[in-house]
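Heads up, there are several structures right after this.
What follows is chain A paired twice: with chain B in the first complex and chain C in the second.
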Partner chain A sequence: MATEYITRMGDGRKVTMTKEEIRADIETGIGEAVDAAEVPELSGDEIDHLLEIVASKEKLVTVEHGKEVVLSLDGGSISIESEHGSGIPCGRINGVVMEERAYCLDVLELAHMDYSYKPVKPLTAVECQTMRQLQEITTTPLLYGAMPNMGLYYTPDGPYENPGDLMKAFKIQEAQDSIEKSAEHLTRDMIWILQKMMKNGGADGANFDTMAAAGDGDFYSALNAIEALRKEYPEMYIEAGMASETVLGIHGELKYDGVNVAGLWPHKQVELVEKAGANVFGPVCNTNTTYSFAWNLARAVTVVKACSENATIPIHVNMGNGVGGIPMFEVPSTDTISRADKAMIEIANVDGI
Partner chain B sequence: MDKEQIFAELADSIVSCKKENVLDAVEKAKVELEPSEIIEMGLAPGMSKVGTLFEKGKLFLPHVMMAADAMNAGVDSLKDLMPDNDGESSMGVIVNGTVEGDVHDIGKSIVSTMLQSAGFEVYDVGRDVPIQVFIDKVREVGATMVGLSALMTTTLMGQKDVILKLEEEGLRESVKVMVGGSPATQVWADKIGADCYAENASEAVKKAKELLCA
Partner chain C sequence: MYGVHSAVAGMNGMRTAGDLVARMQFAKSMRLPEAKEYVAQKLNVDAMDLADECMMREVREDLGLCTMTENIATPRGIASKMNIEKVLDLKINSCELFRNLSSIV
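Let's look at the complex of A and B:
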């Protein structure tokens, strides 16, 4: 009887599989990535290495000496303080300091619990004050981060008619107009907030987290904001991360630098992010909960490797609950996290996590 | 031209997302085919292909809506040739919304749009929807399915609360429940007694067809 290895499904369930079954899932996962993202497949050696990582008998795996990578984060200290995170009773300042001194992160982030640029706008002065306080007691680069989250600009949360409602009524042109107005407004808000954060808060830079969460308009808006900030602050550190693997085409015709931003996969997204002026790009590859961890990781590594190869700026891949091959589970398992991280570093050649 | 070619031409006209192409193709097909064949074997497969292309990021939401609009026009142009009630939507009535406490709207709206495009009668009740609104809407429109979206681990429990209320109100037997949203999984759907879980909008259409049109 063939040896069975402990592994998981995309929803986090523990299962056992033979090496042949794991290899078959790795191969179909790669095939899916090649087909969907139109990227090159992994080589035979890379498949063997991935199999070795997934089927390791060790509970935790890690990289070889010298292959350690930079760790940045998004969400500020929210995952430490909030109830849906660790729920540690501490304020933001303590949370960020913990991230520097206990978790040893290489890039820190200050973020508001609401974590979107729009609700932060009226609180910018308070956010600047907290940024100044934190800059006094930390040494690691400290960014201000939030999500563009363009959905907040649509009714009932914002001033522009909801394109989802307009589309359902076949008012396509009106929907596109609404997206364009929202994108312009969002760009303006992000620039305004981050100008204040740089000038009055002394931030080292900014993180645009979960770009394209509201589709192509959201991504377009973030790219324009990055471009404007780069022009104004040549030394500013800008990290730009995605919400999902592709840019959902809700408008369908928005172009940045002559390229339609809808439907782009990470290896193409990074070209625009570089052009806009970001220093670091955070690609995403989503986990499909109905397939195995091996299938998801192979797919994610294939997509992210193409992105790393096409990038001239550092790639800090998003790794966590439901992304980067890691199963969708509220508290992701360390066995899958460590395997996925190792595969991303050693096969996809990412510069950071 | 044989039947297969006509079906392919009808499907391609839908994928072109242009109303005039669909109307031309339907006009030509009328000579050879029955209206029900035109719809079921030509236009509907075209719409499925549009869904697949949307999922692959080759077509975008405006294209899906243009294709759906063109399909509606094609079906309308056949109405005079169809017996009473033929061609009317009989696929199912779906109430779709995001549970209370969760303001995520976009994914749920795309699911509504794709279900509508596939021929279901869809009532999108929005986001941050109180349980009673789901119940009242299900009763009001005689829904055969309710779609429950949740995008946060903290609001996932709201899906279970709606199912419990449907049971309490004696509606559970008459309505199928579909759950979705990034933290939802098949295991979660099984645990709370939902009828199905859909990973994305295309799968939502597929699962709704399996449950309501079988």
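Let's look at the complex of A and C:
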């Protein structure tokens, strides 16, 4: 009887598989990535290495000495203090100091509980004050983080008519106009907030997190904000992280630097992010809960490796629950996190997580 | 989740030289090997030692770059960042703001 190895499904459930079954899932996961993202497949040696990582008998696997990478984060201390996170009653300032001194992160982030630029705007002075207090007591690079989250600019939350409602009424041009107006408004807001954060808060820079969450208009808006901020602040640290593996074409015709942004995969997204002026790019590859961890990890590594090879700036791949091959589960298992980290570093050659 | 990432793959921030390597990634868009090499040269250590707690504790203490555990003789916060500016040959925005507000040249 063939030896069975403990592994998991994409929803985190523990299962056992033989080496042959794991290899078969790795190969089909790679094939799916090649078809969907139009990227090169992994080599035979890389498949063997991935199999060795997934089928390791140890609960945790680690990278070799000298291959450690930089860890940045999104959400600031929200995951420590908020009720949807750990719920530790510590406040933001203590939370960020814990990021530095307890979790030993290489990059810190201050964020508002609502974690979107729009709700931060009326609170910018308060956010700047907290940033300045933190900058005086921390040593590690400290970014201000928030999501562009362009959905907040549509009715009923915002001033522009919801393009989904317009499309349902076959008002395609009106829907596109609404997306363009929202994108311009969002760009203005992000630039204004981050100008204050740089001038008055002394921030090292900003994290544009979950770009394209509201589709191509969201991504387009963030790229324009990054471009403007880079011109004004040549030394500003800018991290640009994605919401999903592809840019949904809700508008469908928005172009940045002559390139239609709809439908781009990470290896093409990074080219525009670099042109806009970001220093670090955070690609995403989504987890499919109905397939195995091996399938998902192989697919994610294939997509991210192509992005890393095409990039000239550092790549900090998103490795939270439901992305980067990690199962879609609120408390992902340590065995899958460690295997996904090792594979991303040793096969996809990422610069950070 | 941070803990697992830190344990299996992270440079571990101020325990080692992770924060310094991160600064070079962000300040100069350096890929990881280049950032590690730059920091190693500036600290006069081997790039392999940048994630070594024993080695880096001593280096950080000597250069005044802040250490993870409390040490009254070692600069922290903004003071340590001013030392990082000199060691890594960088300008740090919070240090610039602090200098402007306090009239320190």
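FYI, the second predicted complex is superposed on the first by the 353 of 353 C-alpha atoms of A that agree within 3 Å, B and C clash if a C-alpha of one lies under 4 Å from a C-alpha of the other, contacts with A are read in each partner's own complex, and residues count from 1 in each chain.
Everything below uses one rule, namely that a residue touches a chain if its C-beta (ideal position, glycine included) is under 8 Å from a C-beta of that chain, and two chains touch if they have at least 3 such contacts.
Everything quoted here is computed from the prediction, not taken from an experiment.
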(Q) For A:Ile172 in the superposed arrangement: first (chain B), second (chain C), both or neither? (A) first
Q: Would you sort A:Pro40 into first (chain B), second (chain C), both or neither based on which partner it touches?
A: neither
Q: Examine A:Gly263 and indicate which partner it touches, taking first as chain B and second as chain C; both and neither are also allowed.
A: first
Q: Name the contact category of A:Gly31: first (chain B only), second (chain C only), both, or neither.
A: neither
Q | Residue contacts on chain A - larger count, chain B or chain C | A | C
Q. Touch check for A:Gly215: first (chain B), second (chain C), both, or neither?
A. first
(Q) Applying the document's definition of touch, where does A:Tyr103 land relative to chain B and chain C: first, second, both, or neither? (A) second
Q. Taking the superposition as given, does A:Gly85 touch the first partner, chain B, the second, chain C, both, or neither?
A. neither
Q) Touch check for A:Ile250: first (chain B), second (chain C), both, or neither? A) first
Q. Which holds for A:Pro119: it touches chain B only (first), chain C only (second), both, or neither?
A. neither
Q: Overlap the chain B and chain C contact sets on chain A and report the shared residues.
A: 321
Q. So in the complex, which bits of chain C are touching chain A?
A. 1-15, 18-19, 21-23, 25-32, 35, 47-48, 51, 65-66, 68, 76-78, 80-81, 84, 91-94, 96-98
Q: Provide the residue numbers of chain A that touch chain C in the complex, in ascending order.
A: 60-63, 65-66, 68-73, 79, 99-101, 103-107, 132, 135-142, 198-199, 202-205, 235-239, 279-280, 311-314, 319-321, 332, 334, 337-338, 341-342, 345, 351-353
Q) Quick one: in the complex, what on chain A touches chain B? A) 10-13, 36, 83-84, 151, 154, 156-157, 162, 164-165, 167-168, 170, 172, 175-176, 213-216, 246-253, 262-265, 288-290, 321-322, 328, 330
Q: Over in the complex, which chain B residues touch chain A? Could you list them?
A: 56-63, 65-66, 68-69, 103-106, 109-110, 112-113, 116, 122, 124, 126, 152-154, 182-183, 185-188, 199
